[in-house]
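Please go over the structures that come below.
Presented sequentially are two complexes of chain A, the first with chain B as partner and the second with chain C.
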Partner chain A sequence: MAKKSVVEPVLSAEQLSKEFKEYSIAEFFKRNRQMLGYTGKLRSLTTVVHEFVCNSLDACEDNGVLPELLVEIKELANGHFWIAVEDNGTGIPKKNVGQAFGKLLAGTKFMSRKQKRGQQGLGGSYCVLFSQITTGKETHVKTGIGDHKIYDCDISIDVNKNEPVMHNEAETSGKFKGTRVEIELAEVEYNRSTYGAFEYLRRTALANPHTQITLIEPNQEITVFPRATTKIPARPKESLPHPLGLTTSDLMDMVGKSDARKISSMLQNEFSRVSADKVKELSIMCPGVDFERAPKYLQWAEAEKIVLAVHKVKWIAPETDSIIPIGKDQLEKSLKNLLQPEDLRIVERPPKVFRGGIPFSVEAAIAYGGKAGASGSQSTENGVIMGKGEGLRFANRVPLLFDAGADAITEAIKTIDWARYDLKNWEEMPVTMFVNFTSVFVPYTGAGKLAIAQEEEIVAEIRYALMECARGVATFIHNLKRAEEQEQRRTLFFRYIGEISQALSEITGKEQLVLETKLRKIAEKRTAIAEASDEKELEELEKLEKAAQKEMKDSGEEDE
Partner chain B sequence: MAEKAKKYDKQALKESREEIAKKIYDLSMQLLGQIDKEDNPSIAIPVRGSRNVEFDKESKKIVLGEKIAHRYLFNVGHARKFMQTMLVASYVKKDLLDQNLTATLRDLYYAKKRTIAGTKEETIDEQKESDLAIVDFEVALDTFREKLHLRAEPKGRIAGDMIVTDRVREKVDTIDLSHMGSGGWAVPSIVEQIEFKDVGAEYVLVAEKNALFDRLNEDEYWKKNKCMIMSTAGQAARGARRFLQRLNDELKLPVYILTDADPYGWYIYSTMKYGSMALAHESDRLGCPNAHFIGMSISDIEHYDLRSVTIKAKDVDIKRAEEMKEYEWFKQKEWQVEINKFLEKKIKAEIQALSSKSLQYVSKVYLPEKIKSQDFLP
Partner chain C sequence: MAKKSVVEPVLSAEQLSKEFKEYSIAEFFKRNRQMLGYTGKLRSLTTVVHEFVCNSLDACEDNGVLPELLVEIKELANGHFWIAVEDNGTGIPKKNVGQAFGKLLAGTKFMSRKQKRGQQGLGGSYCVLFSQITTGKETHVKTGIGDHKIYDCDISIDVNKNEPVMHNEAETSGKFKGTRVEIELAEVEYNRSTYGAFEYLRRTALANPHTQITLIEPNQEITVFPRATTKIPARPKESLPHPLGLTTSDLMDMVGKSDARKISSMLQNEFSRVSADKVKELSIMCPGVDFERAPKYLQWAEAEKIVLAVHKVKWIAPETDSIIPIGKDQLEKSLKNLLQPEDLRIVERPPKVFRGGIPFSVEAAIAYGGKAGASGSQSTENGVIMGKGEGLRFANRVPLLFDAGADAITEAIKTIDWARYDLKNWEEMPVTMFVNFTSVFVPYTGAGKLAIAQEEEIVAEIRYALMECARGVATFIHNLKRAEEQEQRRTLFFRYIGEISQALSEITGKEQLVLETKLRKIAEKRTAIAEASDEKELEELEKLEKAAQKEMKDSGEEDE
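== the complex of A and B ==
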């Protein structure tokens, strides 16, 4: 019997055009969740927690309050997980709730050149979408801006239109300022391993010492990550872009939006470090471009000329008060609080620029001993818990948990010769390495905000910071070893003092105990002194003795 | 029998024991002094080994150089050895000298081997450690172990026309070395206490091998030639060497040494005569600088036509010969000639090779000829 062949009908152009659809952003990310950090069950849950926590922290800091966060994770009977994140921040005005949670790529943070946690305006909304796709449920939002009104609603996203859908809206009176989000997820998992939410929150607490985070886990266990300081970090100033970071398309965008009446004044007012003299310099280098014209008349070719000229001119480095790192004191309090290390070195590098004009700064710390080292995987050695070395990465105080391989911090750590600092096996030692990268613009490797791109200037700064820390720790470890050795020597001498004092007593008739006490006293004194001169003499003596021994053996002189 | 004996003062011997005991006591008091001053107690020990050894051409002895090493208590590398040296000191003084007993090195090892209180460590792990500590100690005291009442293994036999007295603690025995039967008298490990009573022998013949002793004994060589015969059974033991020295030094008896014709035999000769580098500190008490080498030499092989009974030299022989050629005390022309001949021909021969001529050739021809013509190597 002849097989029935199934042949696809050849479509005409008209038919094809009917098939042609336009996908919305929402549709795109619905199908590509991994791009936003939703890879694997465990990480997906952590990412949701991360998004809401970031929003909460930003909201609290905007409000100038010490953040108090509550994170609840419950496992439901049907295998789904229920998460609640509550904060005491600014709250969200009713009219903005939809945009905040129901529309992708919308938000207040998108265009500002300010150091912030969230960058793309995907975060919260994508969580809602994720919940939707995996459970079909809506997300519950409760928020209050401090006007005695509390607003509740259930929200979801219309995927085709990328618009919020709100149900069960209610407005009640009451005292609540902040935001609470409740969300149900499926295809997720929770445990306490390195990529889980617990570790994420622990690290968040480390980098944000002014925060207090309470976590309630599925097993009902309550963990509080207490704040280490009541000092709220200063709000970073919004900075004007530096001309060196400008590309032609950036400039074209700006002229389209600018209010300035002349190109020259636009350059002076909307960029940092551009003075009237500099504008003159630029215009001399761009003959044919009229800087007195209104910006909207600028042509692409002309914009290109200006950008090229910018790179030929000498500029003052950008202002750096738009970057607020955690700070040495704060970091010290935080790390001491949570890790109780035996030694702690912190280095805050002065601000630098990358890509020509984007300011950034690196701060690093290395903690040794105490509770330092990965808490998740604790191995024991003779019953003593040995921390294993962990490297903690942060960007704008947000922990980066995934994609370590591609990260600038990982790269920096890899290229350092740890052996020089007595840290050759740091991964087997109770060591915590902490690096925080602060900038107005974090060059993430992907939309999921998982890793910092390995830009040359950035990697270099991280290396300097870590090596400086390592030098300090190396001294500490060296002194530890010295003390150990001293202890060993003391023990060694004490072992023999008994025998020697007995022998001397037998020969001379003097009291053994008296001799022993005297010898012990000398032993205590002597082991405290560095006996460097002994080493050489000892070597000499050993060499001579070995030679003598060998000869005795060779010539058969050894007695039976 | 001619009386050439030199009488030893019993008192002097006793004093020797007391003298040594006092030396140990003084050394210990010195350490106590250092301890009182809170210094790092130390024992000064001349360094042994080829790096601190010289050949004194005048006295013809290998002697210890000037290098002194200080062994400190409070020094991580020295502490254990310091302790072991003190154990030796205490044992020698308290258990041996004060009790007038002698012990072997092994006895000391067992006596002082124990676990240190409160640790898992032993005072002495292997006998090698305590042996070295003994050498350290005897050198530090500028004496030798026999005076410390420490005995090595006895080795070697002697027979001949001589009467001696020997002592075991307080008991004195008279030994007639001409009536020691087929075995000869075993040379004791400590010979300090031996007194020479009646001496009829006129020289001493020392052989490397027991086989030769038996040969000469059976042929009544010592009787006919008025000499002592002694075998060392390989490398001479301390007792034998000291005895030889005393025979030469006190009785003024010439000493002739007979070994195989190979570098090892020649080395045995040189040790008996000059001492050795490893034990250079003892060449004073154990060396016999006036000893002569009768044979066998490579020249002998030629002269006595023994080529057919020679053995091909091994690599180890060649190597040793090359080393010996550089020793200061083999630099004499005659020895250089011999060693070069050996290196050139690469053959060696045992003494027994002389039996190829006839069994009694060595007693009847070889030795008498050599001694009569004084055909020796220096």
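== the complex of A and C ==
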């Protein structure tokens, strides 16, 4: 078999030239599927559902309607899975369907400065490619943009060129507005575990209370995650970049694309918070740089000077109306609806900024009791309900199921001293922690969009939000314990009143009922004393509260 | 400032179409630098050195020479860094220089079935792009392919097109053969920590004992990592794929590209271990599939049948001559040279296969004492030298400095029961663990090439190799402890012989020298007894050995 593995001689220049090849991005990601989150059968299926659901929700938001999603999953006879995702969003113009589903790095989302679920123009097309490389099948797309025409087609990707290939195109008339995708997958698996599509959709419903999702599982079971509110969230505004986030490279990119006639007007019109006065301030700090020239003449060294000057000027903080969090009321409805907790604390922090110029906000909730905590084994121990604590992570309302280890939210949860809030063993308690990070730019650690980078400002905000929730829950848990203990004392006393009074009656010859009434009065008095002694515990609770506030101050929390 | 953030109305189809855009892979990675390992100032500089050094070593191997590398790092007045990497490799043909350095996903390495350091055709070009986006500068390349011409140019990348832009091209005559790259970087940092370029080159030298690397640091200090052997490693052969690694998608790709006239001959010529008999066996198992037709007519469903059949046939294991490990002798020279350890155990495991068809091999070493362990704080405690254990990870001789957490080697180290080998606290001991993974395909967890995926077969092999080393070291440590204890006993005894004999001489009136000689004889006898009693300890050691062997068997280790 020597013919099959030949020792190669030292390479000549010609041979070397012959070995040079170029590859498409589709070829690259075909070989590197793990970079996009396709690393196990279960996770791969969930990732496909995630990509299409994100696209659907973005399309519904663009359409200004209450989202109605249908997700259907079937297991085929050959072990493959078939998934359909349908929405009532904008639909996709016929001429863009190929780009949207048949070309990696194409779409409406890459580098958009608008709060969206998608960011890369990669997710949907990669699903099509994944289907193709695991089953050889095309993906069926049906879409209507509200002009009484329905466009149907099957799409695959020419991997060598990263270009869409369209099959079976058809146009019919009809009322459908929205998009429906049908895809076949192999090397995937479905179940109801934490990492499955069911849990993904449950969490999506939680963070998107205005959405209704219907799931049909492979066993034909139909689950409706019902809408908790009919209030459509405000549509996020497109935001201009804040100068503090600027790098020299960004500035050079902008001058290449700008239509402005002067650098000064470009800075004023294409940035947030840059006034004519501020431009003047900058120009004084950059002698030799002519701000009245056309942007295209700006040199790298000049741009570098401007960026240095930008960091010395005092700026108004970025506008934050590009940030649309879920909102306290909506979140309360959603969490109560889903978890029916005994106690629920929600905190919506005011927007902050990371990397100098990118606004973001954090909202957090801690739910205790009821169905809070990972579903399953609740039990009562020493008056405290035992369960299994869960942490739910979201970025722009998208659930992050995987890669918890490297995440800013996980980091925040890990570094809080939960003992201060009677939540030391929260992982064994019926506790659901909820954190949603909102921003026009989510600093994901990878293209798989699974973990938020541990930027200092972000971790700090998440900690503050969770600690504030925890203070409330601590009070509740404390009262719960106290009430439980009292109840136990009372129960113990009353349990034996009957027997004791009977015994006393036999000994003393007095009426049992009279004796029992007297004993009962004594018992009530005792409880009252017990309640009075609880004053002391209340004082301790206040101390706890103060200690927690101190911790927040120590962590650098400013007064607000 | 309302003009700057406008609430957008519901999107019309026209607006939607206008929002559709396409982006180049260069644009994508420009925004996602963290995916390629550029996530901190120190790490970014090390990554650039790593990319160029890998390319240089591959080029030297292609050139069949002993590598001579020069790495020079300067800090410029403006805080930028300037790096030059020069090698004596093949050089790059003039017409390919643009592709090699100015286009992402181009080069000689993507999907090559040859054991190389590079895999993606991405590393070098991304350095050029990183320089460009942090400094706006071009990268200078000088190269000669041995035809007495030297080609010089400056390269940048047209980010929108992912195409090279060449400046200042010049051709002169001269003898230089090899490549020299000069690059300027901002947003980077240099120091001698574990994650710096110095440590990276030290480890590169360790795993490439035939290489000489000269480093000039920013403070002008010159360090030569000398060559430990002049033996050039065997050149890896290009390997054909083994059928067991085949997916339907791969097979369909192959039929599209194959020049073979029949499916049967394609299978025989383009795969390893596929004989005419085996093709016959397959064809019997795939009724309805015509193996005598041209490959291009093969349908997906037919390919699926063939792949299913492939997994039912018994195959000879893949050829392993495409795998060139460092080798026991070379590794010994290298580790002794660098660490001067008191004990060194090296194990080279025979090649195995992962994912059904990809051959790989693992070599491991454990060095104890001397300079082993992270450089610095060695001390002696109870006869055992205390230090700081270090684990050195390599893939195809390339040091993996980052992302240890997610790595197959880390996983193997974590799951070994070190207490069985007297190495329970190895992290506090003067121990260097060395593991090199060799394969034509390294399953990296990301494009940054920092961690080897935790494939079951790979983790198992690494564990066996390390456990085998550990058994040897355990014996050494045990003897060391025993010798130390004996020595202490002896020392204690002899220390007082003079005084005791003098005192005895005064009391008894006998000659001190006679008494001392007698006492010395007694002392020697005692030590002999101590040695005899060590027999028992030896028995214990044997038990330890047996227990360790049992552990390996339990872990599924086969007899070899």
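Quick note on the criterion: the second predicted complex is superposed on the first by the 488 of 560 C-alpha atoms of A that agree within 3 Å, B and C clash if a C-alpha of one lies under 4 Å from a C-alpha of the other, contacts with A are read in each partner's own complex, and residues count from 1 in each chain.
Keep this in mind: contacts are C-beta pairs under 8 Å (C-beta built on N, C-alpha and C of every residue); 3 or more make two chains touch, one makes a residue touch a chain.
Because the structure is predicted, anything quoted here is derived from the model rather than measured.
In the superposed model, A:Gln99 lies in contact with chain C only, and not with chain B. Look at A:Asp62: by the touch rule set out above, it reaches chain C but stays clear of chain B. When the two structures are aligned on the shared chain, A:Ile507 is found in touch with chain B, with no touch to chain C. Within the superposed three-chain arrangement, the count of touched residues of chain A is higher for C, of the candidates chain B and chain C. In the superposed pair of complexes, A:Glu319 makes contact with chain C only, with no contact to chain B.
Once chain A of one complex is fitted onto chain A of the other, the partner contacts of A:Glu427 are absent, as it touches neither chain B nor chain C. In the three-chain superposition model, chain A touches chain B and chain C at no common residue. Taken in their complex, chain C has these residues touching chain A: 1, 4-8, 10-11, 13-14, 16-17, 19-25, 27-28, 31-32, 34-35, 62-64, 90-93, 95-96, 99-100, 103, 105-108, 110-112, 114, 120-122, 132-137, 145-147, 235, 237-240, 247-249, 252, 272-273, 300-301, 303-304, 319, 321-322, 405, 445-447, 453. Every residue of chain A that touches chain B in the complex is listed here, in rising order: 489, 492-493, 495-496, 498-500, 502-504, 506-508, 510, 515, 518-519, 521-523, 525-527, 531, 534, 537-538, 540-542, 544-545, 547-549, 551-552, 555-560. Partner chain A is touched in their complex by these residues of chain B: 24-25, 28-29, 31-32, 35-36, 38, 40, 47-52, 67, 69-80, 82-83, 86-87, 89-90, 93-94, 105, 116-119, 121, 123, 128, 131-132, 152-153, 234-235, 238, 267, 271, 276-279.
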